[in-house]
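In the part that follows, the structures are each spelled out as structure tokens.
One chain, chain A, appears in both complexes that follow, with chain B as partner in the first and chain C in the second.
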Partner chain A sequence: MPTSYAGRILRINLTTSKVTREPLAGGLIKQCLGGKGIGTHLLFDELKPGIDPLGPENKLIFSTGPATGTMMPHKGYIVCYKSPLTGIYGSSSSGGFFADELKRAGYDVLVVEGRAEKPLYLWIDDENVQLKNAENLWGRDTFETNDLIKEELGDEGVKVARIGIAGEKLIAFASITNDYSRIAGRCGPGAVMGSKNLKAIAIRGTGAIEVADIDGLIEFMQQFLKTVKETPATSTTYPLWGTPGGINGANLQGVFPTRYWHKGMLEDYEKINGETIRRQIVVKDKACYTCPVNCSKMVRVKEGRYAGTVLEGPDYETLYSLGGLAEINDINVIVKGNEVCDRLGMDSMTAGNAVALAMDCYDKHILTRKDTDGLELTFSNKEALIQMLEKIGNRDGFGNVLAEGTRKAAKIIGKGAEKLAVHIKGLEPAGYDPRGMKGVALGFAVGDRGACHMTGSIYTYEIRGSIDRLVYKGKPAFLKELEDKFAVCDTMIFCRFLRDVTPWKTIAQVLPLLVGFQLKEAELRVIGERIVSLARAFNVREGMGRKDDYWPDRFYTDPLPDGGSKGQTIDRAEFDKMLDEYYELRGWDENGIPRKESLQRLGLGDDLAEEE
Partner chain B sequence: MCNQEKCTGCGLCELACSAKKSKSFDPKKSRIRVARIEPFIDAAVACRFCEDAPCVISCPREALTQNSTTGIISVDEDKCIGCSWCIEACEFGAVTIPSGRKIVASCDLCDGKPLCIELCPRKALELLTPNAISNKARKSAVKKLF
Partner chain C sequence: MVTVKVFGNLRKIVGASECRIDIGGNYNTIGHLLFSFARQYGKQLKHELFDSECEIRPTYSVLVNGGNITSFLGLETKLKEDDVVAILPVVEGG
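And then the complex of A and B:
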């Protein structure tokens, strides 16, 4: 019976230039399905504990999913690695067209390991795999690199994932960009790629993807797209406003991180909301491959100093990190800052947090103009924000300090900066203040890659009001259910923004049409649990435990000063209770370490249990 | 026709066509193709059903014929040798050689119920006669006046 899996892993060792093609084992497929499942599994198995994230022992594991290449709406790829920003489990996902091209070239998974002696790029032309000289590309930004490789290969249809200057310079939060501007942003995969001297991966795949039951899938799609049209989030909110549709709600509820996490509402936030963006700068709605939601907006700045700036974005998270945190409510400046990050190839969320930390230090006289290369690094200083972002991506002057991310930068700055710094396990949070969202308080604390909004995505349900955001009770169970569900979505690989139209039932329904075998809802749930516990086991192996599952102290002591969550803190006793309950639900002990019998129940075997 | 302002470049039309016609997923096998010109342009292009279609006229082996009522071009697969003169003749790039076999193909409207149109999530695709297109344009222009 046909299946949507290509059935192969492509492995490239950059140290030896060896290219191997391995069968994708059936057991791995049944246990992990694809995407985050397979990536996390291979990462755990193949990486030794304690390795240097920027050394040749680290790997970049790009995984596609069972829906990749088919008409079932899917996201692109998930890349797994050890993060140079956090030193723990790293995974980032990106949309666009790149992953489908990899599948059509005949590979479900691409593993890049080792380190090349000089700059190279990888050219995958179906069966023909080559390493090509990239010395002429070194020093080029993400947009130039894309154009130059297409020109060199003489095919503008080639799909290219590449790093910018930030990746070359090993900025701890450098990203990987594919297609025009789809980005695997968080945790620093671009730095890992840069450390391997790998500038880009270009793919041309000319094969066709088959599925187990194509007529059944067409029928499924006819119904599925009707459901998409009948569901508010997928028919209206995301298509119309994109993620900036969340700006109003977050500000009204007082959980929009502002002035480096000291406030929960940005003055005149309407100047940067979805409506303003659509009215003033949107030129075109864009979609990733096969996506009916088209959350992406192509924008062009029309006036002022940054007129002419073109961007795919800005997304909610950048509006928070460059807008809210730096107290800048000028949409044109945020677009410019976002464009700087995208061009240099670095995560705008971490970059914005790093600059805002420096602004907070400047405000408290921990930093002075002497430290900041003469920049007046005050909150709301638009020009200083843009200049500092450029400096970070180029490791220029004080930018060299912020290039290490919040945790390390605070340590270097010293003088109390570490008390101000906001991160969990080295990752800066997404834009939701946990003091006004108790589920977020727990979710970001136990997230597999640090203060991550993707693992459980509980923020959505608290902002929407489908659960009471100020209540602690019941959140651990609610979070666990979401984490398991989204872990499975990340194996398929389904985008978060299809969350309302991909319940368990739908996943169980579409899977056999794609791959030819059936899994019951209960079996899917086990896969979700398995992935969550496996990522946790990876982190435990790197020394993480309960002690690392906490917010910085000020979130427990300093209440939000105004707005819709005025007076709120995280109650430490309630938080501890949530942690206890969550660990218990997961079968982890009181220190947050997966119990041996829990791992065995999840089919993770003796080997893994011995590791702790 | 494809409304370029509505088209997001998602490519579902390509995969719908490929699924229906070749029972697999491969945009290169699709008879409707999305032209993506970064950063701002996306539009799907398929056969325009021209009068005295240049593709038909250009075929030296008379492999292409046009239905005089519907305008649909059909390809005699025994006669077509993939010489591609019809592809050169088409100004819209609407005649293609689906990968894997050297025989040309163009849109046949799926017996009047094209799957690409049915699945287009933005309703950017519509099947209209020239008269209907101009009628629509007139109405929308006049609407703007009032």
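And then the complex of A and C:
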């Protein structure tokens, strides 16, 4: 029977140069479906606890899903690894066309392991898989690398995932870029790739991707696309403004992190909102493979010092990290800062947090000009922001300190910097202040990657007003439901921005049309729970527990000073109650450790349960 | 008087980013304010903001002093002097 699975895992060992092709086991598919499920499962099984994230024992597991390569709109892939930024479970997803090419070449999953002796790039030309010399590419940025590989292979259609200079220099939050500028950004996958001396992965896939029921899928798609066009987020907000459409609401509600998490509203935020970006700098809308939404925006700076800068972006999260946190409301400067991050290949969210931490330290005289290579690192200093980002990506001077991410940088700086630093388990949060969003307070705290907004994405529902953002009660159950559903969406692999049009029923409806087997909603829910608990088990194995599920102290003590959430803090007793309830719903003990019987109920087996 | 801030298409219809509206007498709920607003700016605004059942379209959020009216009493939410009302396209983020 036809299926959208290619049915194979491609495994590359860079130490031995050995290439193997393994069947994608049916049992693994039924347990985890694809994407995040399969990636997390393989990561748990194949990595020993305590390994060095930048050592040859770490792996990069690129995993596609049942929707990849089909007409069902999807993002591309999820890559799983042990994070060099956090030391725990790491995963990051990216859109574009790269993953579709991987599947057309005949592979659902690509596992990269070991370490090459010298810089290489991987060339997957359907069945022909080669490791090619990349010494001429070492030192090149992400855009140059893309162009040079396409030129060398003589094929403009080749899809290339690559690292920039930040990845080569093992910046803890280096990213992987594919297509023009789609980015697997969080938790440092680019540093893992750099540690393996792997500059890029180039793919040409010419095979067909089948589906189980093409007539049924076409009929399904007609209704699905109608729903997309009738749904506000996918018909209006994202197509018009992309993610920057959220800037107004976050500021008006006083939860837009500003001045390194000391305020909740940026002065003149309308200078960087979706409307301003559309009016002043957007030149083209862009979409990923088969997506009707066109959320991505190509922009060009038209005036000022950075005129001519071209970028795919900036997204909401970069507007928060380079704009709000640094108190910069000049869209042209934010675009330039984003371009620096993308060119060097590093996560703009962590980079912005690291620079803003340093600005906060400078403001409080913890750092002086002597420490910052002569830069006056004050809030709102536009030029200092850009220069410091360049320094981070090149590990130049003080940039070498910030290149380790907020947690380690604060430790190196000392003198009280650690009390200012904002992270959970080493990952800097996305751009929503938890004091004004109680579900975010819980969701980011228990996120599998650290302060992660993607695991549950509860911020969407609080900021929209679907649920009362200032209420604690009911949030644990609401979060669990979201986490389970989005874990399944991340196996399929559906884009988070299609969340309103992919309820459980829709997932259950489209799955058999793609893969040829049916799963009931209840069975899908178990898969979601399984993935969440498996990622948790990975982190528990690395020493994580309840003690790590907390925000920095100042979020419990320092109220937001103004705006729509004025006076709000996280109430510690209420927060603890939410944690207790959440753990209980998940079947984890009071320390956040999955109970043996819970793991067994999820089919995770005695061997895993024994590792408690 | 309350301040009403508008965003998206509403800004084109109103011709300004914000305006001040008198909420005197008994007409002191967000519902009264929005219907008065619709009367003031004509059919185009009414059609943009309300559906045929006179409910706010799902494409819009309404905030009072930063709080979504869905967390208060919806259109029955009471207003007081110097409140800031914001009407904006449904919020998403990234």
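Operating definition for what follows: the second predicted complex is superposed on the first by the 612 of 612 C-alpha atoms of A that agree within 3 Å, B and C clash if a C-alpha of one lies under 4 Å from a C-alpha of the other, contacts with A are read in each partner's own complex, and residues count from 1 in each chain.
Here is the rule we use: a contact is a pair of C-beta atoms (placed from the backbone, for glycine too) under 8 Å apart; a residue touches a chain by one contact, two chains touch by 3 or more.
Nothing here was measured: the structure is a model prediction, and the numbers come from that model.
Student: In the superposed arrangement, which partner chain does A:Val19 touch: chain B (first), chain C (second), both, or neither?
Tutor: neither
Student: Given the touch rule stated above, what does A:Ser565 touch, chain B (first), chain C (second), both, or neither?
Tutor: After superposing on A, A:Ser565 lies in contact with chain C but is clear of chain B.
Student: Considering only touches as defined above, state whether A:Leu131 meets chain B (first), chain C (second), both or neither.
Tutor: Touch status of A:Leu131: no partner.
Student: Give one of first, second, both or neither to describe whether A:Ile209 is in contact with chain B, with chain C, with both, or with none.
Tutor: After superposition on chain A, A:Ile209 lies in contact with chain B alone.
Student: Identify the partner contact of A:Leu585: answer first if only chain B is touched, second if only chain C is, both if each is, neither if none is.
Tutor: neither
Student: Which partner does A:Val310 contact after superposing on A: first (chain B), second (chain C), both, neither?
Tutor: The first partner, chain B, only.
Student: Check whether A:Thr290 is in contact with chain B, with chain C, with both or with neither, and answer first, second, both or neither.
Tutor: first
Student: Residue numbers of chain C touching chain A in their complex, please.
Tutor: 5, 7-8, 11, 17, 57-59, 61, 63, 65-71, 86, 88-94
Student: Enumerate the contact residues on chain A facing chain B in the complex.
Tutor: Interface residues on the chain A side: 69-71, 73, 97, 104, 180-181, 206-211, 214, 217-218, 221-222, 225, 228-229, 239, 283-294, 296, 298, 310, 312.
Student: Which residues of chain A touch chain C in the complex?
Tutor: So the residues of chain A in touch with chain C come to 232-233, 236-238, 240-246, 248-250, 252-254, 270, 275, 315-317, 431-432, 459-460, 463-466, 468-471, 497, 563-565.
Student: Sort out for me which residues of chain B touch chain A in the complex.
Tutor: Chain B residues touching chain A: 5, 8-12, 15-16, 18-20, 22-26, 28-29, 38-42, 99-100, 115, 118-119, 121-122.
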